[in-house]
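Should a chain be cited, it is by its letter among A, B, C and D, assigned in written order, with residues numbered from 1 in that chain.
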Amino acid sequence: MKLEFSAADEAFREEVAGWMAENLVGEFAPIRFRGGPGDEHMYVEERIAWEQRLAAGGWTCIGWPEECGGRGASIEQQVIFAEEYARAGGPGRMGHIGEGLTGPTLIAFGNEDQQARFLPGIRAGKEFWCQGYSEPSAGSDLANVKTKARFDEERGVWLINGQKVWTSLAQDADWCFVIARTDPDSVAHKGLGFFLIRMDQPGIEVRPIRQITGTSEFNEVFFDDAECGAGDIVGAPGDGWKVAMGLLGFERGVSTLGQQMGFQNELNAVIAAAKDNGAAADPLIRQRIADAHVGLKIMRYNSLRMLSGGGDGSLQPEATIYKLYWASWRRNLGKLAMDVLGPEAEMLEGQGYELGPLQTLFLFSRADTIYGGTNQIQRNIIAERALGMPREPKGN
Amino acid sequence: MEFAFTEEQIMIRETAAAFLQEASTSAAVRAAMDTELGYDPELWSTISSDMFWQAIHLPENCGGMGLGYVELVATLEQMGRYLLCSPFFSTVCLAANALLVHASDEQQIEWLSPLASGEKTATLAYTSRGTDWSAESVSVTWTPVADGYELNGEYRYVIDGHSADCLILAAREVGSTGADGIRLFLVDSDTEGLQRQRLGTIDETRKQAAICCDSLRVPVSAVLGDPATEACSSLSTVIDLATICVAAEQVGCSQQALDSTIAYTRERVQFGRTIASYQAVKHKAADMMLKVEAARSAAYYAACIAEEALSGGVLGQELAEAASVAKAYCSDAAYFCTGTGIQLHGGVGFTWEYDIQMYFKRARASEALFGAAGQHRERLAAMLLDAPAIGGAL
Amino acid sequence: MKLEFSAADEAFREEVAGWMAENLVGEFAPIRFRGGPGDEHMYVEERIAWEQRLAAGGWTCIGWPEECGGRGASIEQQVIFAEEYARAGGPGRMGHIGEGLTGPTLIAFGNEDQQARFLPGIRAGKEFWCQGYSEPSAGSDLANVKTKARFDEERGVWLINGQKVWTSLAQDADWCFVIARTDPDSVAHKGLGFFLIRMDQPGIEVRPIRQITGTSEFNEVFFDDAECGAGDIVGAPGDGWKVAMGLLGFERGVSTLGQQMGFQNELNAVIAAAKDNGAAADPLIRQRIADAHVGLKIMRYNSLRMLSGGGDGSLQPEATIYKLYWASWRRNLGKLAMDVLGPEAEMLEGQGYELGPLQTLFLFSRADTIYGGTNQIQRNIIAERALGMPREPKGN
Amino acid sequence: MEFAFTEEQIMIRETAAAFLQEASTSAAVRAAMDTELGYDPELWSTISSDMFWQAIHLPENCGGMGLGYVELVATLEQMGRYLLCSPFFSTVCLAANALLVHASDEQQIEWLSPLASGEKTATLAYTSRGTDWSAESVSVTWTPVADGYELNGEYRYVIDGHSADCLILAAREVGSTGADGIRLFLVDSDTEGLQRQRLGTIDETRKQAAICCDSLRVPVSAVLGDPATEACSSLSTVIDLATICVAAEQVGCSQQALDSTIAYTRERVQFGRTIASYQAVKHKAADMMLKVEAARSAAYYAACIAEEALSGGVLGQELAEAASVAKAYCSDAAYFCTGTGIQLHGGVGFTWEYDIQMYFKRARASEALFGAAGQHRERLAAMLLDAPAIGGAL
């Protein structure tokens, strides 16, 4: 065990920090610390411009292999980049789905043509992606996909029909990857395909979902004979589940440390508020702030263990706790933020339903324990996969 | 000893529930909360003319029905359950109670009557910026001037303060501290020297306002009760009475969170089963029900004590304790039940479209009103640990 | 709603309090506040003598009808008696199973002969009972009884074979009521009988179970051709489940208020300890003591509602919360007691494994959430019976 | 950066686990805890002669193996997992650490060697009655006398204080307060003027004692380090180092509670299914695992920091923080996991026969050692809120 990074890694850290300090200024100053969870709908144009600034600096897709346009950065370097990016207040990445999900999926499962057509746009910060996984009746039960894909021999394209939901950034995305049923008689995770679909076409309608926060970053996406080119299916028809599960695997630990730096920014804001209004003298608040600090420190140690684990990048059983852990932690932080603010927690600044950052944290954190697998589903996963307890019986 | 509703009380509760289910629908609540006023004046009229709720616990000589606090609380529980947007809480549970507790008989007849009839709305202003909700926190000051008083200072968190027709203002003599020097003044809200501003709130179903008194002049006749009598203890009683009303609303809010969640989980199918069939969901629901029922017991008991306090009964001495027990428990219960409600709704739980988020916001907002749960526990701790024990008095 | 008791009831309260003050002295002084949960094995002889003193004063079985030897006391009077008994520090009742369970069962389901033979001994504080419900494989799953009853035509007696567990006071009881399978081929709640069995016979062996506290109030009871007279079955063979369920119904609310007075005594002891050692100044302890006070007050209000509910004595749906509520409350109180005591919480007085009252409270309260239906079973009951949610599927 | 065990560390942990599974069985623990000594001297000998655990992190010039704190913590985790009854914690984690941190080189060679070889046991006494576990809480006093010092006062909660061969006594100059005047003294436990009494404890797997110094005379040579050097800061370091060891034991205790509970629920059938198949049980088990893994991360991280602190590394500055983070979390985790373990065992969970109750008692006892979780959180709060922020240092 050693906790220090190497001298080379520390130099890399300085490089990242220096670049961020030089670039996240001027026109980009307003987007510092913006565009994160609960705030993803904000400053879209500026964040697109920022994405291209990143690309110009060589800071997009750094974990991709060099032959795909990346830097082939080590895990340590990816961690360092994520940390310094968040520490500097780097805005929520418009390209994170392309960089973190589409790209790795295509690199692993796509053909050369797909890699050649899609990777450069992602790398350049010019093409943005959204994901079409969940459906109204396929939430926790992800395999219960009802969206259908039918190959139209005449026109030589796939026609997609159905509805996806909880699609963030759908209004601003150029492309969407979609799981759809290629075999209409199939059930569960069989007979699915993984499709790459252009958003700007008549067969697609995006309807924003207004959230508890009053804002909309999630959307419903309706497919009504939406077209998908014959060459834009990843893998074969029927391989969709395999590709999709591989993709979920890419949501590995590296980004978690950047995420945690965002959490640290939030905790710092709570601490600042407590010092400011005197709540820092309240013994009960002090306990809870310390508890949040303990929880976040340990979240980091957990991630370091996860990242240092299996050299093949496979997830250790203990990695199953991560989602439940952070989602519960952040939900508690949201409540703590409100209790620190006291009666002022209720008050909105300005006209309209405009929440402050801590208020957004409070309300949006109630979604954290739901999306990406509810706390209940996470506990099932821990019990069944990590502890080997009997699986939950399915109904008929 | 009979700790159960009479048949008449059951009827009042059921009537309220039936009326509000029709009148305070999700659409009606959303429409009302989007207005600057914050409520539908027509519905407010109907409530007074058809339901007589404003009059429930007010004395008959002031146009009231002379019923008890239990009937009031039973009605408030239903208002909380259906998120009724109205100035009922401010008018009846704050202003009318202040008049009941501290005004002279003549003042009561003059000032309570238009409240009882629904003709006027009113509220009580006593808090300023900060976390202290006790009577002693009053910071707006009065100084004697010719023919009356001059008030200066700023109130905050005044419920319906932007819309109320009349305001009862708590102020303290300049230079006084603690329980000393506090008086209550009743003024029309269009009096010169008053500036009122609605404050945006996360929970849009109940409006709050800031009120600034800038050399506000009020006549001697505006003072509630005998101008020489200290009002701190009365104000404290009024706060406790209002606190019990909030607790009752929280019970209704918790109950509805439970009911709507159960209904949703019976419909929602995942992995081929309704999610209501999963033990994880069932056990959360069971915990919600435990809290709902315990909260209800606490609110009803406190209502009985409030009734005793208003009628001079011996159990009225328990008012502060009963109010803090109810508020501490019901606040936590409502937050738990509405938050768990969101969780068990899954994805739709955090959409604007579903109502559970409104209940969650209401729970969070009402938790802060009149002191957070921790503050009420500390108040009880002081009774238990710093003074001769009340522990034996179970 | 009214909270006051009538003048007559208040007079009754004074009578009870006066009698207790006069009688729970002298030889009985050492057993004040003793013999409660976690302490039931203590002072057995003295508590038997006390039972007979109670009987002489007419204070046993006051809720029984007058024709059965009781006072036909109203619910209010029973509540008052329970409260004043506990307030005065009345010891754990040796006769509580006979008075609260056997008696009401025989009055409801027994024949005249059984009533005549068994009720007077209970009423007089001379015959003591224990209960034989749970078995090693029939804990939460109470109907999974394996103990068998076979009628021996020759000798004209039932022969009982099997094992019961968690039987409190078995060493000191004269009689035991037992559920056993009269139809060896039956399963679940069918084919059971309800038997009244004399403990002092060769076919019965009692083995104390040493508990977490180091003491033993629970026992295993082994039946090896234990005899039960032909007239000592309540109801017909096959009626056992009906009788047993009726009996569980007798564990109604009345005794809860006395139980709560015991809890108040415990909370008072915690408060006294906190005042004594300065923990009462700790803001975190203050919150928890207040919370315990809130919880106990509301427990009382809950019970008052329960008792004021259905005039027919039937349980309202909200009564299902009672066990979960009090058990969880007391478990929390036990932990609070230890935290109030600080490092001294760990220390035993004297030689051997002798726990002080708050230490016993702490350890024994871990059993509260298990016996009589675990918290998990209680939540099932609330969800299924009160909220009408789907039943838990049984295995095969 | 590599936050994972090396292969050698894994081997040390596995060897410890395998040894203790055989040597520290339930029967062995129960036999040892019933003795006045509190451990099996034969097993203690085996540990030193065959396993060399006492020597793990001690310097090679004192007969140690010169390994790191991570290796020590990995071993302690297994001791906690198997409830090993031994004077290891007192001898190595308290006394040897005190010598490492504050004794002169010569003293280390003289006094550490018999500890490293297992020839002698030792402990540290510094606490008196009360809840304060900080270095500044020292209340036993020293006064200079001819050729040395006289100590007076009473220690309490001294781990293995009744059986240790040597005692390191923390005392303060008569009249001093706070961090001033504290010195550490090493004495043989049979020195005149010492009275030692074992205290009965709920957790019988680790013994505690009271030690009374009644005009205890010690020579100048008994003072650790330079007699003129204040020892408060060193004592504080020793306490933090020991605190991390307790946290590591708590991880093992939690892990075993989880493992034995899972095993039981897989066997126990109710309503025709193993209780492991019920979601209520599964979700509790999942919560236990979450806490076990998080606790483990906290303890391992703190071990790395301890290693830095002992070797003078820059991250050693984090010692106090890392110790408090680990103890706050691991205490709560162990209490939760063992308590939930009892619950999921059902009826047998509260019998003396099953081991889960011993783990529960151990968790409760170790929670109090070196400060309860709330005290460590308050200590962290002071760092976060009362001083320049450490928050940014994630």
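One rule holds for everything that comes next: contacts are C-beta pairs under 8 Å (C-beta built on N, C-alpha and C of every residue); 3 or more make two chains touch, one makes a residue touch a chain.
Just so you know, these numbers come straight off a predicted model, no measurement behind them.
Engineer: Report which of B-C and C-D is connected by more C-beta pairs in contact.
Structural biologist: Between B-C and C-D, the larger count of C-beta pairs in contact belongs to B-C.
Engineer: Look at all chain centres (mean of CA atoms) and spot the one farthest from the centre of chain C.
Structural biologist: Max centre-to-centre separation from chain C belongs to A.
Engineer: Per the centroid of Cα atoms for each chain, what is the distance between chain A and chain B, given in Å?
Structural biologist: From the centre of chain A to the centre of chain B is 42 Å.
Engineer: In whole angstrom, how far does the Cα centroid of chain B sit from the Cα centroid of chain D?
Structural biologist: Distance between chain centres, rounded to whole Å: 52 Å.
Engineer: Touching two or more other chains, which residues of chain C qualify?
Structural biologist: Residues 283-284, 287, 376, 379, 392.
Engineer: Please output the residue numbers of chain D that touch at least 2 other chains, ranges allowed.
Structural biologist: 274, 277-281, 283, 374
Engineer: Residue numbers of chain A touching chain B in their complex, please.
Structural biologist: 134, 137, 139-141, 144, 165-166, 209-212, 214, 279, 284, 338-339, 342-355, 359, 362-364, 366-367, 369-371, 374-376, 379-380, 392, 394-396
Engineer: What part of chain C is in contact with chain B in the complex they form?
Structural biologist: Within the complex, chain C contacts chain B at residues 1-6, 9, 76, 79, 83, 260-261, 264, 267-268, 271, 274-275, 280, 283, 286-287, 289-291, 293-294, 296-298, 300-302, 304-305, 307-309, 318, 321, 324-325, 376, 378-380, 382-384, 386-390, 392.
Engineer: So in the complex, the part of chain B that touches chain A is made up of which residues?
Structural biologist: For this pair, the touching residues of chain B are 127, 129-131, 156-157, 199-204, 208, 269-274, 277-278, 280-281, 339, 342-343, 346-347, 349-353, 357, 360-361, 364-365, 368, 372, 374.
Engineer: Quick check on the complex: what are the chain C residues that touch chain A?
Structural biologist: 283-284, 287, 393
Engineer: Taking the complex as given, what residues does chain D use to touch chain B?
Structural biologist: Interface residues on the chain D side: 278-280, 283.
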